[in-house]
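To keep things clear, I will list the structure first and then write my remarks on it.
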Amino acid sequence: MNKAKRISLRQKLYTIVFEAETKAGRTFDIILLFLILFSVFIICLETVPSINHHFRSYFKILEWVFTILFSLEYLLRIYSSPRPFRYLFSFFGIVDFLAILPTYLSLILGGYQYLLVIRILRLLRAARIFKLTRFINEGQVLTRALRASLPKISVFLGVVLMVVVIVGSIMYIVEGSKNGFTSIPKSIYWAIVTLTTVGYGDIAPATTFGQILASFLMIMGYGIIAVPTGIVSVELANSEKQTFNTRICPHCHKEGHAKDANFCSNCGNNLTSPESDTTS
Amino acid sequence: MNKAKRISLRQKLYTIVFEAETKAGRTFDIILLFLILFSVFIICLETVPSINHHFRSYFKILEWVFTILFSLEYLLRIYSSPRPFRYLFSFFGIVDFLAILPTYLSLILGGYQYLLVIRILRLLRAARIFKLTRFINEGQVLTRALRASLPKISVFLGVVLMVVVIVGSIMYIVEGSKNGFTSIPKSIYWAIVTLTTVGYGDIAPATTFGQILASFLMIMGYGIIAVPTGIVSVELANSEKQTFNTRICPHCHKEGHAKDANFCSNCGNNLTSPESDTTS
Amino acid sequence: MNKAKRISLRQKLYTIVFEAETKAGRTFDIILLFLILFSVFIICLETVPSINHHFRSYFKILEWVFTILFSLEYLLRIYSSPRPFRYLFSFFGIVDFLAILPTYLSLILGGYQYLLVIRILRLLRAARIFKLTRFINEGQVLTRALRASLPKISVFLGVVLMVVVIVGSIMYIVEGSKNGFTSIPKSIYWAIVTLTTVGYGDIAPATTFGQILASFLMIMGYGIIAVPTGIVSVELANSEKQTFNTRICPHCHKEGHAKDANFCSNCGNNLTSPESDTTS
Amino acid sequence: MNKAKRISLRQKLYTIVFEAETKAGRTFDIILLFLILFSVFIICLETVPSINHHFRSYFKILEWVFTILFSLEYLLRIYSSPRPFRYLFSFFGIVDFLAILPTYLSLILGGYQYLLVIRILRLLRAARIFKLTRFINEGQVLTRALRASLPKISVFLGVVLMVVVIVGSIMYIVEGSKNGFTSIPKSIYWAIVTLTTVGYGDIAPATTFGQILASFLMIMGYGIIAVPTGIVSVELANSEKQTFNTRICPHCHKEGHAKDANFCSNCGNNLTSPESDTTS
């Protein structure tokens, strides 16, 4: 009996901590989200010298509050999970662990600044928000579209990389180190900065031929940005169709009816009637 | 009788001041639009030192002309509105008030320069132009598409913000303050400048590893710009379809059938048959 | 008889000089195109100090050759045109005149450098190439799509201008003249540079609040670039449909059949048969 | 008999070296790909002064290993090809030759640095990867879409070039050499940098009129980027449709029907009926 009770407590905890279907679960997730975002915000502020100078002690206290809260949550997750080891070595399990580790390590190693920046990975925990029902559908449509775009975008990126390496190498010869193109890797960096239309201007062509070549690269970059956009547009349109219109007319097998359709727009069959084929 | 006359005057004024259906109303709106744009243009010129030096007194006179005209219009709106309080606290009511307030305040507080810049909010009043019939349809299609895109774009922006915070933090460690990455917030600012392909160049990576990371961020930014574009394209196509298909079913009078529909999706009436009502 | 002959000569000249349907007309257009492009290329080179220094006299000779050839062509156009005055005051008539005027004026006024740059307008004459049949269809599809996009893009540009003026004004207050934001017009210029993701870096925000505001503007610019792209994509798809698939099934009135279709894909009606409705 | 054996050896080699259908052929291609990428990576590192300083001798040995391997492969290709001369003067034949030439030439001419950069063209050999079945379909869809977009994109690029030349010339007059606009070619370079939203900032307008003109160019560039994107999106959607609809008409065996087709567009057979051949 006692054991059954404990199991039921663990199940209840599981629905609160891991799921977002119940009201308690959703509340838990939203509180956690705000804690994560607030904690990340504090980490950012800590690195601003002028602010850190004044509020160092407050930041330290806040950090320990966050760490203890996240540690408790971590233990709760291990306790309530039906397969604790699977959780521990899952993506979110590792991120949860990395989110609390640096603060404890700082006790041993002292407050080595760069170690503490690892805490920013806490932000990845906020990705749990996409579990909330509001976003699941949107997330699925986007993910499906991006997955379907992947092979075409790989081919596209392969071509882009070839262009960038070859143009970078030519610019290395044409411009040379006196104009900032000190090596091929640096010239490739410049080519990426240019092709993606970022254009820092830290390295810029100075010779006439270099500027002509750069002009071609820019116009090319301006034009081929159309390719990934076109790919994703087409896949998104496909992906959307799959989600929102899966009803098929049992008479003419036309897919993709409007959500409020009572009759098939193609053959006039009654879509809402239980005997599925009304025309025959 | 006198009261009825006054009411009819208020109604007439209402159609002129608030609506754009009648010729008088449209004329009023267009004159107002030009006044607003001209007034904003003058405010801009006022802040240019060399111009202000020469025309200061003319600007002052013009400003009082605008303010008095806009004040009269404001009073007219209050008078003619059937529910004056509802107008006063509506979005446009507040903007109308803020548009004339600073000039009067400057009498009391003296010409405090930054206060006067608030007058630029007058420009928001120009948004009333979208009431004109020419733009209503276009505005609706765009608004509907953007509203439909919002959930997907929120998910997208959430992912973008995560990328920007994490990449910014890594660059803060990699590049350090000697290369301009003085704090995490500043590094996040750099990451946004890079991901959006703006690329000021005020902060730019100087180490090899930083440049490699920046290259990935740029190519990523170049690629994921496809996502909002794809989303909006798809939603615009949907939004357009909903607007332009005004065919009405002759049997059940349902509007807005899909362009390739043969039968009414509501009552199953054959839309393509010459004898328009096939079900009766 | 002599008069009739002259008329027929003028008609022949007309088909050569103004049209591109005949072989002679197409040859004339292509030779002209090369002359125009070569002449523009020479004008560009003339302004490079190091090149002009060496080849000044060659450039002068070439320029007179071009001017005389274009003058002859201009006279030919006036002679062969059935309504010379209509040609003279048409867009291309004025451009043709401006293309030869500066060289003659330089005889009177001396070689005032900036006057000669007007000759670059010759390039506009190259727009005649879009008359060639190869491009007519493409040009029409693009023009129709852009014309259909215009109202929506106007609304979009109106919103963009409002954003740019208001953000520019806020930045003028926030950053002030010490960071380069010396006046509202200059701040608006910065806002446009940022929103369009050009990002020169000649003016860049230096205060924390300015950088936060700039970040929002950048992400906004990155996002709303999707709007014109979506608009044009949708209109291009519509425009393309109108051009390539205008056949309508006479039985079910379905539009948009594949080019090689013999039967309607919707109702099976024979599209190629002379008695248009085969199923009834 | 001996001769037949030799021929069969050549045929076997051919399927390994030139094709990617068999397992051996695919393995050969993947090993070759890694060799090419590794060799290109080494060439890049060689140009970094600090790295080259330490590992010069290792790089030299590696380079000879690569060159000998690629030379053997080159000889194998010539031997196994049924038409060796056709291979030698094909695109890939020339690239394969250029990939090994510079190292041998360096024996005669000494290690002239810029000559060795030609070796980077080896990367083009990696384009052979697109033969692998995984990418063939993707590559075809992209290639077909880009080919279909070409005429429209040519018209678009023609207009862009006109804009860039004319705006560049005006800026040359407006800004003059004191602001960096030293010649028309340089001003055109600036116009391209601006229109494509790259925005280095090495040349930036300094006069008020120049900044107004630049603002128009930027907004224009921001807007017209929609045009190639729209073109490619539409063509990609068309290209995809052509590829994926592999339904075959059971009556006339025509492949590639539109997704919403009820009847075969070639013979009028009812595609949706369960008894698949309705016409007989």
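For this structure, a couple of remarks:
Lettered A, B, C and D in written order, each chain numbered from 1.
Rule of thumb we're sticking to: contacts are C-beta pairs under 8 Å (C-beta built on N, C-alpha and C of every residue); 3 or more make two chains touch, one makes a residue touch a chain.
Bear in mind that the values here come from a model prediction, so they are computed numbers and not experimental data.
Between the interfaces A-D and B-D, more contacting C-beta pairs are found at A-D. Comparing the CA-atom centres of all chains against that of subunit A, the greatest distance is found for C.
For the touching copies subunit B and subunit C, the fraction of interface residue numbers used by both falls below half; the interface is of the different-residue type. Averaged Cα coordinates give subunit A a centre that lies 29 Å from the centre of subunit D. Remark: subunit B and subunit D have CA centroids separated by 41 Å (rounded to whole angstrom).
Listed for subunit A are residues 185, 188, 197-201, 221, 225, 229, 231, 233, 237, 266, each touching two or more other chains.
Within the complex formed with subunit C, the subunit B residues making contact are 40, 43-45, 47-49, 114, 117, 120-121, 123-124, 126-127, 129-130, 134-135, 138-139, 141-142, 145-146, 153, 157, 160, 185-186, 188-189, 192-193, 195-202, 221, 225, 228-229, 231-233, 235-237, 240, 260, 262, 272. Subunit C meets subunit B in the complex at residues 151-152, 154-156, 158, 162, 165-166, 169, 172-173, 182-185, 188, 194, 197-201, 204, 208, 211-212, 214-215, 218-219, 221-223, 225-227, 229-231, 233-234, 237, 252-254, 266. Considering their complex, residues 197-201, 229, 233, 260 of subunit D touch subunit B.
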